[in-house]
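Consider the two complexes below, in which subunit A is the common component and subunit B and subunit C are the respective partners.
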Partner chain A sequence: MNALKQYIDLFDQNSSLIEEQSPALLNTLRRVAREHLQDAQLPRKGSEDYEATDLEAVFAHDYGVNVNRLPFEADPANTFHCDVPNMSTCMYYNSNDTFHSSATAERNIGQVVVEPFSMAAVDYPEVMSDHYGKLANLSDPTVALNTLLLQDGLFIYVPDGVVAERPIQLVNIFNAALDMMVQRRLLIIVGKNAAIKLLACDHTQSPDYHYLNNQVVEIVAMQGSTVDFYDMEESTPLTSRVSSIYVEQHEGSNVLIDGITLVNGFTRNNYHVEVNGEHAETQLLGMTIASGNQHVDSHTFISHNAPHCHSNEMFKYVLNDNAVGAFAGKILVKPNCPRVEAYQGNRNLCGAPTAKMYTKPQLEIYTDDVMCSHGSAVGQLDEEALFYMRTRGIGIDEARRLLMQAFVADVIDGVRLDALKDRLHYLVEKRFAGTLSNCAGCLQACRKS
Partner chain B sequence: MLEIKDLRASIEDKEILKGINLTVKPGEVHAIMGPNGSGKSTLSSVLTGHPAFTVTGGSVSFYGKDLLALSPEDRAHEGLFLSFQYPVEIPGVSMVNFMRTALNEKRKYFGQEPLSAADFLKLMREKRSIVQLDNKLASRAVNEGFSGGEKKRNEIFQMAMLEPRLSILDETDSGLDIDALRIVASGVNTLKSKDNATIVITHYQRLLDYIKPDFVHVLYKGRIVMSAGPELALELEEKGYDWIKEQVDAQQ
Partner chain C sequence: MKEIEKPEKGNKIIEEAAQAEYKYGFVTDIETDVIPKGLDEDVVRRISALKGEPEWLLEFRLKAYRHWLTLKAPTWGHVHVPEIDYQAISYYAAPRQAKKGGPEDIDPELKKTFDKLGIPLEEQLRLSGMAVDAVMDSVSVKTTYRDRLAELGVIFCSISEAVKDYPDLVRKYLGKVVPYTDNFYAALNSAVFSDGSFVYIPKGVRCPMELSTYFRINTAQTGQFERTLIVADDDAYVSYLEGCTAPMRDENQLHAAIVEIVVEDRAEVKYSTVQNWYPGDKDGKGGIYNLVTKRGLCRGDHSKLSWTQVETGSAITWKYPSCVLKGDHSIGEFYSVALTNNWQEADTGTKMIHLGKNSTSTIVSKGISAGHSQNSYRGMVKIAPKATGCRNFTQCDSLLLSDTSGAHTFPVIEVGNDTSVVEHEATTSKINEDQIFYCNQRGIPTEDAVGLIVNGYAKEVMAKLPMEFAVEAQKLLSVSLEGAVG
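What follows is the complex of A and B.
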């Protein structure tokens, strides 16, 4: 059985319909993706780079695909209340697979371009064709599938020298009344000496349906630019997500990518960073809080292709109940890249004996005169600290919560958006207390953890 | 307030406490002395409910309640406090968050509303001055990066905040210079009243110059082998423990 087959068949039967509704640019690459998928297989658990994760099983579910581009709810802002409000952001919504801007979008007018591919293909044809699909790797079958079925995406373009005044917030919502897979795609081009902060949050409004978000993000950080991309997931146990984020960094650029998982079902996050210019800085952060049967797998690859660059990577997991976490991080320093500094850390807390963590750090260095390190640890809550707190009258549950919150505090402090940092501390506190807004209808029962 | 009867406890099947008897009344200060390995710190751990120890016999009554049946946190709510010999560092948990949680959990236990932020900070300020801790303390993580003296002062600060009925000071003098010792001791003396009591566990007479005990007990091989007035501490300082050990070993 090949789970891809049902989607390839669907494409073959509807290819003209799909192509008619899409910008021509997407169709060119779509044909290439179709070829890549001809004999492709999704990785099974145990195959290379998938030690803990079975993608075949995730895609095998019979998801609906919105081939006909049926419109969903007109304005999701009316019914959906995001957990990260009031940040003075420019808010955009993505209801299942359809974009909506909101009144706040006008705040950045004249500075930053945020529009669907269908518009960008007309407004910025050259930028689009220069960059669409250039970083994403079609030999990854999930990326090829995204490219095959994609009908629209979101284009974010910050022209040279523009420093976006307000952060951009993209709220992705699942609320369709059927099991559904969507292809989400972002193309983010940040020009020379330009700067932008982006927050994407994934939410699921209907806890009763199975959803799969198969997402591809391409980020190009031009010379001297600064890019913050916060990618937060707060969904439901029936929501799956396969995300591949590709980043290309030019000289002197500064990029921060932060992946946050508070509630989910199944998640695989791939991060692929190509550092191509000198004096570039990369921060790659991850925080996972998982309980119940949550599954979160992060796979990172940072390739240092130029000298004098600095990357810092830290992923932290707190796992309870039967949660499974996985982290694999590879840092590559290519030949002739002296004075590269690259650090990687993965720290994990298993709060229950039934929780599982897989971790695999990897360094490959082909230049002398570099500073690189990796550290990986899996531990339990500090029993002496727990006892100390209890002797002060702090009950065992509260003491555990305080320690788990403390464990992830430094990753949250790495956030370079103060309002979001405060909000995350608050959300994490609520997450551990089991009182997140979507907890009422949630099956995870994280109240125990 | 506290009545310990024939208390026995072990760790990993090794019996450490072999029948402790001790009665403490409000307003009293008891010193427990004894050579290394006699079970002094085990006694404080067992009384506060450390999960590593198993009580194998005897009873402890605290204001009429069966202390051993209570969880460590409920023992704290009932008014038992331990100043740790080695206070634990808790990175990422700020002192202010730690203390507020502790205080509000106690208030919850007694059916009271949580303290307002303003009242809480006022209380912190007031109690901090007792042990001369500076105001940066609030934002720092619990005991993290504290000097030996700061850690012990921080223990007494927590004691001041929680207002226990019975405080056990476990080797509070260890790792302290003379100035810090004076500050800690004066803090303890400030908090002393006719309604609360203190058990001071120490190796040395030195601390007892500052915190005057009413009774001095010698713990040896898991039993209290001698009890007397404060003069016993002086005698121990002069003669050491060997004469007691010989007496006890001869009897066995």
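What follows is the complex of A and C.
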């Protein structure tokens, strides 16, 4: 069986409708994506780079696709908040596949452009056409599928020299009374010496339906720019997510990407970073806390194409119950790129006999004057540390929670926004205590007792 | 601060080393029976007939051949194995006078060859404490010290002889660790394997001397497909060494071997290799394709298998000596130094499959890349859900001696329970300029300093080699190292 076929057939039947509703720029690439998908197959478990993950099974579910762009009535800004205390963000909402801005969105006005593709194609046609689809790799079937079915996305543009005063927050919400797949797409262009901090969080409001978020993010960090992208997932066990983040870095740019998974069903995160300019710095951080049948698979690739670059990766997993974690990371240093320093770390805690961890850290080095290393470990909490705490009157559960919190603390401490850091520590504490509610941000508070 | 300048001498030394001749590249002019090139069922039958094999073994070969036909050569390695024309290779070549009369009567030309390689076949000339099985092309020329070993019940002979003399033992273990369905080259080997060694250490016997096999490819346009089977019964111990060389030729020759090891309760096997097949010339012309499947099964509780390898030869190396740790408390070890120079490509590493409870494994891999070579470590550590309390430590370091070479690591770790601990560390860097500077300051020339540093770097693995081999391996490393200042 080929799970892609149902979506390709759907496209073939509705192609003219989809094209009518989309900016012309999206349609050009759509045709190319269609060709790529002609004989494509989604990776099965065990295939290269998918040792633990079966994408075919994820996409095989009969998801609805909002081909007709039917509007969803509820205004997310009125029903859902994902406020981070003491962090006045410019908030945008993405309800299923439709963008809404909120009152707070005005804060950065005049500095940063945040608008849907449909508007950006008119306002910034050149920037759009220069960058849309240039980084994303269409030979990845999930990226091709996103490009094929995409009707709108979010365009974030920080012009040269602009330093965004406030962080931008994008709240992605699933809220539909049917099983649904959405294509989400972000195009983030950060101009020379510009800076932006971006927080994207995924939520699911209806825990009884299956959702699939097929996301593609393209980030271009121009000379001397600084980009922070925090990607947080707090969804439900029935929510699946396939996310591909592509980054291009120019000289002296500094990019931090932090992927945090607290609650989810199935997640596959791909990070692909091309470091094209000298003295660029890259930080990839990841933290996963998984229990039940959660499945989190992260795949990173950093290609150092220029000398004097630094990269640092740290991914931490805490797995309990039947959770499955997977990490595969590759650092590539191309020929003639001396003085590259690249570090990659993956640390995992297996807290239950049935939890499984797969890890594959890789180095591919073609220049001699480099410092590269990777380390990977799978283990348990330190018995002695537990014993120490118990002798001081801390209960076993509390002691375990404390140690687990300490274990993930350094990933959280990598966050360059103090308010978000505090919030994450709080959320992680609640998550370990089992009191994190997926509807914490919902104003309706229907499930809160 | 002024940057330390690259010592100019370095380039000169590289040139010298690149031009250094492969010491074992001579050809022995000896009459050889070679069967015509090509591979089909008749060839398989002919090899079997030439060796006078029983029906069951022919069946095994034919099954393997038929399976091989359905397979494609693997392409996942970080090596570029060109399309090999399997019909252009001769699958059997035997020195005509390998054994004229009795086993003690050897063609003087052959004896000279092995003398030249430093493998004297006269027992009294040997360093005491090592028995040798010498294999030239497809046949075993001589096995020394057989009688003395037989007194203890140790069987050490060529696999062809073992098939005749100990058919039950061979049948019991052949293909059990590496089945012919394992991979493309294993299937090919199972169909056409020629000679190799068979070792059986009976219960409770500690083999009093090192056992060693020396493989030599001599004839052009042939491939070598040897097969080695080592069985250590309960409480037995053996240390086994393997060495290999081949003449310098412009053509590439294929070497596709299988090594199978079975380790029973509380037994221990130590398997050491110094691989020095012809690596090709400085332009990457010629050289051996070393595509080998090696695997050991630690079947018994408290059994131990230790692989030590020094890989300096071959144009292409594709080799993953592995341990299946089935017994509880079993131990697997893998120590490797892989040095590549010029246009060599090596993709080597290990698999540690933990199936038994409380099994432990250690992997130490040191890669050194110079010239335009590519050196990869590829490994897997798998802990099965029921294998509780397991422990693995992996360290793989790479040293780059030129800016045109590559060093890569591709480890896979799968942990299926919450009581096992797996650690993996890898680093890649060039020789520390500070260290060279330190040595220079103290009057040690750069050339020697590099030798010192690299020897120190590889020491952890070298220390695991048996004495006779360690000397050879150290010499080998230093020959290749002399010019490797980057």
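Following the convention adopted for this analysis, the second predicted complex is superposed on the first by the 433 of 449 C-alpha atoms of A that agree within 3 Å, B and C clash if a C-alpha of one lies under 4 Å from a C-alpha of the other, contacts with A are read in each partner's own complex, and residues count from 1 in each chain.
Assume a residue touches a chain if its C-beta (ideal position, glycine included) is under 8 Å from a C-beta of that chain, and two chains touch if they have at least 3 such contacts.
Keep in mind the model is a prediction, meaning the values are calculated, not measured.
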Three-chain arrangement built on subunit A, subunit B and subunit C clash or fit: fit
Touched partner set for A:351, first subunit B, second subunit C, both or neither: second
Subunit A: partner with more touched residues, subunit B or subunit C: C
Which superposed partner A:406 touches (first subunit B, second subunit C, both, neither): first
Touching partner for A:391 - first (subunit B), second (subunit C), both, neither: first
Touched partner set for A:383, first subunit B, second subunit C, both or neither: first
Least Cα gap, in Å, left between subunit B and subunit C after the two complexes are fitted on chain A: 15
Sites on subunit B touched by subunit A in the complex: 48-51, 71-73, 75-77, 81-82, 84, 87-93, 97-99, 101-103, 105-106, 109, 141, 158, 162
Residues on subunit C engaged by subunit A in the complex (per definition of touch): 76, 78, 385, 388, 398, 400-430, 486
Residues of subunit A that touch subunit C when the two form their complex: 48, 51, 335-336, 338, 348, 350-380
Subunit B partner contacts - residues on subunit A that touch it in the complex: 382-385, 387-396, 398, 402-403, 405-407, 409-410
